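For reference, the structure is listed below as C-alpha cells.
Per-chain residue numbering starts at 1, and chain names A, B and C are given in the order in which the chains are listed.
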Amino acid sequence: MSKEIPLWEVFIRSKNGLEHRHCGSLHAEDAEMALNNARDVYTRRNEGVSIWVVESKHITASNPQDSGELFEPAADKVYRHPTFYELPDELKHM
Amino acid sequence: MKPIRELNPQFLESKENKQHLIDYLLGVADNYLILAQRLGELCGHGPNLEPDIAITNISLDLLGQVRSFYQYISQIKGDGSTEDDIAFLRKEREYRSVLLVQQPNTDFAYVIARQFFFDVFNKMFLNALQQSADETLRALAFKGIKEASYHERFSGDWLKRLGDGTEESHDKAQKAVNDLWVFTDELFQVNESDSAMIDAGVAPDMLQLREYYYEKVENLLTEATLEVPEVPYFQKGGKNGLHSEYMGYILAEMQYMQRTYPNSKW
Amino acid sequence: MSEAEIKSLEAQFEAKIANDEKIEPKDWMPEKYRKTHIRQISQHAHSEIVGMLPEGNWITRAPSLRRKAALLAKVQDEAGHGLYLYSACETLGISREELYNQLHTGAAKYSSIFNYPTLTWADMGAIGWLVDGAAIINQVPLCSTSYGPYARAMVRVCKEESFHQRQGYEIMLSLCNGTEEQKQMAQDALNRWWWPSLMMLGPEDKDSVHTEQSMKWKLKRKTNDELRQQFIDQTVPQADILGLTIPDPELKWNEEKGGYDFGPIDWDEFWQVVKGHGPMNKKRLDDRRNAWEKGKWVRDAAMAYAQKQNERKNKQAI
C-alpha cells in the first residue's frame, strides 16, 4: 500500500467563549487518530479546551487571483461603518 | 470496594504498618517507573512523528506519577531519602515492578499490547484508589485517572488498528498478545503488604476486579479480531523481586550515572 | 504566460515582500522561491528530527527523575517542531513522505552539528546551552520571514524553544557547582561542542552562496558572520558565570569593534562533516531510515483499518 497518510487541519478553542482557531496541521489515518494526535501535538502546554479536525482535502479555498473581485468591492462601502455617519458632539453614546 | 473511611492518625506510628505501606506503594510506583523507562527508549524512533509524540506523552505522564508516589514514600520514610534515591539506588531484588512492564520493545505491536494490558488495569486501579482511606493516595488517584483513561483509549484504539488492519499487522499483534498474555495475571497478585493495606482500607482489593479486567480486555481483543490466548500457567515474580533477565539491564542503564558518580547533585 | 507577464508578476511579488506583506500558499510565487523554501524549511525540519537522536541517547540514563522528564519533554518538542515545519513545507506542494525520502537518500541536508556523538551527560547541558543558543539566534528572525506558513511555524517553535536553552544551561550550572569530576565533565563537553556550534551558524560570508537572495526574501536577516559574532558575544559571559573556559586561546575582547575576536575555525572539518564524514552521519541516517522502514507495517495497518471503518460506515448508511 503506497497511499499517503491523509493531512488534517487542526482548530483549537483555547478557552470557552473564544472561537476555534486554526493552529496547524498533521497526518493521521482516521478522524479519531487525528483528534488524538492533535491533542498530543498541539495542546501539550494547556493550549486548548476543544479541538476540531478536518481533512485538508475537504477545505475549499478562495483563489488569490480572484481576490480583486471578491474583496475589493467591500472597500468602498464606507456607509457600512459607524464612522460614516456624522452626529452632533452632544450625543455622547451611540 | 470499601467506602471511604479516614485512616486512623495512629496508623503510621506502627513500624509494621509503615513498612507495609511503603512496600505497597513501591509495588504500584515501580511499574510506572519501569514502563516510563521502556517507553523513553522509543523517543525518536516511532513509526511516524505523531505516534512518537503520543508515546512520549504517556512516558511523561507515568514519570509524573512515579515522582508523586516516590515523593510520598520519602515523606513517609522521613529519613531524608529523596525520590531519586528510591528510583536509582535500590538493588534489583528490591524493585517491585511486575514482569509485564519489563518486557522489551520488540516491535510496535509489543509496545501497544503491553501498554493496553497495563492501561486497562491501571485505569481500574486508579478508579478504585479514589476510595482509599489515605488522603494523599486519593488525590494522586484523582489526578492520575484522567491520564490513565487517555492511555487506555490510545493503546486500545491502536490495538484495534493493528489487529484489524492488514494481515501482517494482525499476525504481529496476535503474536505480541500471545507472548505478553502470560504476564497479565501478576497485576492482580496480592502479597502480604497488599493484604495489610487492603484491610486498612488504603488499597483497593484488585482481585475483585480481576474478572472485570479480563472481560474488558477480551472484548477489545475480539473487536480487534484477535484471539484470546489460552495459557495453562501465568508467569509472576517481579512483584516479589524475582525479575526477568531484562531487569538487570534496564537498571544498569537507568542507574548508570547515580552509580558512577555517587553523592552528586544533578 | 508570456515572459513579460512573468516579469511583471515577479516585480509585484518582490514589491510585496519588500513591503513586509506575507506570501501565502496559494499566491503566485516564482519557482525559485518555492524551491528555495522547500529546501530551507525541510532542511530545518530534518534538523529537528535528526536532532532528537543525540539527546535521545541519554533519556534512559538521565541522572535524576526531574532531568529525565525535562529531557524527554525537550526531545518530544523537537518532534513537534519537525512536525510543524514539515506541515509548513507541505503547503508548497510536496508531501512529508517525499521529504523523508530526500532525507533518507541523503539528497537533503540537516544541521551538521548532530553528526557529533553525545558522550557524557554534560553533553545534554552543552547542547541545550550552545546548540539551542545558536539555533535561537538563527530562528528568532525567521518569525517574520516572508512565507506565511513558515513564519507561523517559527513563532510556535520559538515560543516552545524558550525552555530548551535554559534547561541546558541549568544542567551546566549544576555540574559546575558540583564535584571536581562534574566540573571537568562540563568543561570537556564545552571543549567538544564549542567549535561545532560556531560552524553551525554556516560558512563564512565570503563562501556562502545563498545569502543575498535569502536576505531579500527574509529567509535571513543577518549574515552568517554577523550571527556568529552575536553568538560568541552573548555566550562568553555565560561561560564566565559557569567558571568554564572557552577552548579558544585567541579569544579576546576587542574594544574597538565592541565584540570578541576569535581564532580560526577548522572549515575543513566542517565540510567533511557536511559531506557525510562526521563521526555519526551514518548512524543518524541509519536510525532515521530504520524507524521509518520498521514503521511501515504500522502505518499500512492504520490506513487499512481506516478504510475498513469507512466502508463499514458507508454500508450502514445504505
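A few notes on this one:
One rule holds in what follows: contacts are C-beta pairs under 8 Å (C-beta built on N, C-alpha and C of every residue); 3 or more make two chains touch, one makes a residue touch a chain.
Computed from a predicted model, the values in this text were never measured in an experiment.
The innermost chain, defined by the distance from its C-alpha mean to the mean of all protein C-alpha atoms, is C. Remark: among chain pairs B-C and A-B, B-C carries the greater number of C-beta contacts. Each chain gets one centre point, the mean of its Cα atoms, and the points for subunit A and subunit C are 29 Å apart.
Subunit B and subunit C have CA centres that are 36 Å apart. Rounded to whole angstrom, the centroid-to-centroid distance between subunit A and subunit B, based on C-alpha atoms, equals 41 Å.
For subunit C, residues touching at least two other chains, in rising order: 76, 80, 83, 299-300, 302-305. Residues of subunit B found to touch two or more other chains are 48-51, 53, 57, 161, 166. Each of residues 1, 5, 26-27, 29, 33, 41, 44 in subunit A touches at least two other chains.
Residues of subunit C touching subunit B in their complex: 49, 52-53, 56, 59-69, 72-73, 75-76, 79-80, 82-83, 86, 121, 171, 174-175, 177-179, 181-182, 287, 290-292, 294-305, 308. Interface of subunit B with subunit A (complex): residues 48-51, 53-54, 57, 150, 153-154, 157, 161, 166. Chain contact summary for the complex, subunit A toward subunit B: residues 1, 5, 26-29, 32-33, 36-37, 39-41, 44. Subunit C makes touch with subunit A in their complex at residues 24, 26-28, 76-77, 80, 83-84, 87, 90, 95-97, 152-153, 156, 160, 299-300, 302-306, 309. Residues 37, 40-41, 43-53, 56-57, 59-60, 63-64, 66-67, 70, 83-84, 87-88, 107-108, 160-162, 164-166, 168-169, 172, 253-254, 256-258, 261, 264-266 of subunit B are the ones touching subunit C in the complex.
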